[in-house]
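What follows is a set of structures to go through.
Presented sequentially are two complexes of subunit A, the first with subunit B as partner and the second with subunit C.
Let's turn to the complex of A and B:
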């Protein structure tokens, strides 16, 4: 099979549309994962035994089953009980939930790594619980969370092609559509790889900038 | 060194009173039926082997730990219980916050806030608790840093300070809310030997120039002797012997006290 620039030119506009969808899904799913992760983290650190145990059970279950299965569940099984989700919504919820479990661990580790002495000093300074969190704990816990959170966002981005399995027309979905129609796989799939590589490199650079900025803030 | 005697007329009512206090972690009994009291303005040294419960006593006062049984009375008010609807109930966080205002604490490992400058460390509590405006808090924090000889380090972060400087900032921070009672937990034991004196000098100044009640846990027996009006010697959560420093350090009655002091001196601490 010979590389055809003509075919590339023909499919590129639709693939770019797909890339925009992919980036959009990643961003929305990231926000979902960061929020769901926070919810799980708080539940896992709760002083109420039942809440803590349930949170661990739920997150472990989600983490130990494949994302693809969860997506099928959300998109193909839920309609059986009357819950119909669009491919985009199902995909965002799936990614958000799945990565939310990993994100919750990042939050938890970040908070646990703030030494007990900091909580005690805050108490000795007679700060309220809220002030202790906002002034003492979070400013120390958040900077070390940024690199692992950034990595999860990039990992999530690289995993979005799986959403084509529930008919989302992201970059991969568009490429597969073109390929199946023309029986040419070389150009669409290569362009998918290039598209992902490009966005990955850009976002890795962005995260590095953010890290450096935070490091300078801390110093 | 002369023997210091409490110069102020002691109040009839003690500022701190432990009544049959017990503290356990699971099956480990750390304090047992502990009763003692401290007069306002008194300078008390708590000595004893590692693990005898000295830190626990300070942490209970700072409300970092609760008691398992018994009562702690501060300024005539119970710390671990409060009256609500005519009944005694365990202290709420609000009650603990009110009680906490009486105390300042300096920790063995400083526990400075690493993301705040020396000045911010000291000014933080007065600003956040609303006891002073931002400008007034900053001004007073500067004054306090000057009192501990660190005016020139006000804008440094803790990571850029020596151990002795860190501990002096921590002392200034503990004083920022103008506590009636200062709790000092082995404040020099994490320091290089050459940095100990600068910290102890600050404490000596506070001792001589304020009327704060001070509780000092230390292995620096020479300093304890000059500093204290009274010494409590602890072992396994109990007071074995108490008395004026001249008596405890120079002619202790109990064999346990004698052997503890011998060990401390053998370990290189001066008396």
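Let's turn to the complex of A and C:
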């Protein structure tokens, strides 16, 4: 089979439509992951033993099972108990939940890496809890978190093709629809791969710039 | 009663998928390990051509998702004359993907071994390969293991995607059961538990390896 530019031209508009969906899903599920991650991070650092243990149990379970199975769960099993989600919503929740568990580790590591002396100094200076967090801990904890968080956003972007398995028409979904219809796989899948490669290389470069900028700020 | 019996019947059917999942995981981990070692060592090479070629491999496979790579291996390779069985495509795509991530781990671990160790091998007149094999690698392996453990889990989770290219592993079998019986909760809960067990077994194995290889080495992070 040889590469056909005509076919490429024919499918490009629909693939671009899929790309828009992909980007939209990435953005929404990033916000979801960042919030869910915060929730898990706080729970994992809770002083209540039961809360901490159950948070660890839940996050480890999510991290050790495949995203695809979790998506099937949200999409096929939840309707049995009366919760019917659209493919888009199920996909966004699945991605957000899965990556939320990874993100919670980033938050936790960031906060734990603030030296104990800083907490003690804040206490010695008689700062309130609120002041300790907003003036001392978070300004030191957040910059080192940004590169890993950025990497997880890229990872989520790269994972979105999996959503086509629960019938979301993202970039991969559109490509597979075209491929199944015409039985030409070469062009759609190559275009998807090139598209993803392009976007992830660009965003990786952006994150590296950001990282260097933050390093200069810290120095 | 009938439903209970059929539940046992299809649980057995799903369990047969666990064999394929484990097989796929182990084979692709093996391929990934070999590729990671070769590519990781190549990334620390003095020759710029070797480094450049390896860098291209690593960036291509890290820059696209394993999902796209699986579909490329299964649907696109036949068009360029390479026909692979679903399992072979799965092992190839997952192995190449894991190898690319692993290469970065190997590179970082090799660089983390102290400069004095390298200088000592030069002073002792060891060849490059002797130095790598007897001095640098044994120390670097300890740095690699925790990350390799995480990568093995990622690969194991990636095997679920291979169900979409018709490898009859756990997720595929669960989907078959869903299609045949219309029952959803049971098959998916069952495979979630099996995945959890496999992942936990993998983690315990890597922890054991960490202890085994960590023996006699003064840990830097105690």
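Everything that follows uses one rule, which is that the second predicted complex is superposed on the first by the 219 of 219 C-alpha atoms of A that agree within 3 Å, B and C clash if a C-alpha of one lies under 4 Å from a C-alpha of the other, contacts with A are read in each partner's own complex, and residues count from 1 in each chain.
In this text, a contact is a pair of C-beta atoms (placed from the backbone, for glycine too) under 8 Å apart; a residue touches a chain by one contact, two chains touch by 3 or more.
Because the structure is predicted, anything quoted here is derived from the model rather than measured.
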Problem - Three-chain arrangement built on subunit A, subunit B and subunit C clash or fit - result: fit
Problem - Partner chain(s) touched by A:125 [first = subunit B, second = subunit C, both, neither] - result: first
Exercise for the section: Scan A:181 for contacts with subunit B and subunit C and give back first, second, both or neither. Expected result: neither
Handout entry: Dominant toucher of subunit A (residue count), subunit B or subunit C
Key = C
Exercise for the section: In the overlay, answer first, second, both or neither for which of subunit B and subunit C A:39 touches. Expected result: neither
Practice task
Give the angle at the C-alpha centre of subunit A formed by the C-alpha centres of subunit B and subunit C in the superposed arrangement, rounded to the nearest 10 degrees.
Solution key: 100
Handout entry: Contacts of A:165 with subunit B and subunit C, given as first, second, both or neither
Key = second
Practice task
Based on the superposed arrangement, let me know which partner A:213 touches: subunit B (first), subunit C (second), both, or neither?
Solution key: neither
Completion exercise
Once superposed, subunit B sits from subunit C at a minimum Cα distance (Å) of 20
Completion exercise
Shared subunit A footprint, subunit B vs subunit C, residue numbers none
Handout entry: Touch list for subunit C against partner subunit A, complex
Key = 59-60, 62-65, 67-69, 71-72, 75-76, 79-80, 153, 156-161, 163-164, 171, 174-175, 178, 184-185, 188-189, 191-192, 195-196, 199-200, 203
Completion exercise
Listed in rising order, subunit A residues that touch subunit C in their complex are 1, 61, 63-69, 72-73, 76-77, 79-80, 158-162, 165, 172, 176, 179, 185-186, 189-190, 192-193, 196-197, 200-201, 204
Completion exercise
Counting only contacts in the complex, subunit B reaches subunit A at residues 62-64, 93, 97, 100-101, 103-105, 107, 109, 111-115, 124-125, 128-129, 173-174, 176-177
Completion exercise
The subunit A residues in contact with subunit B across the complex are 115, 117-118, 120-121, 123-129, 131, 135-136, 139-140, 218
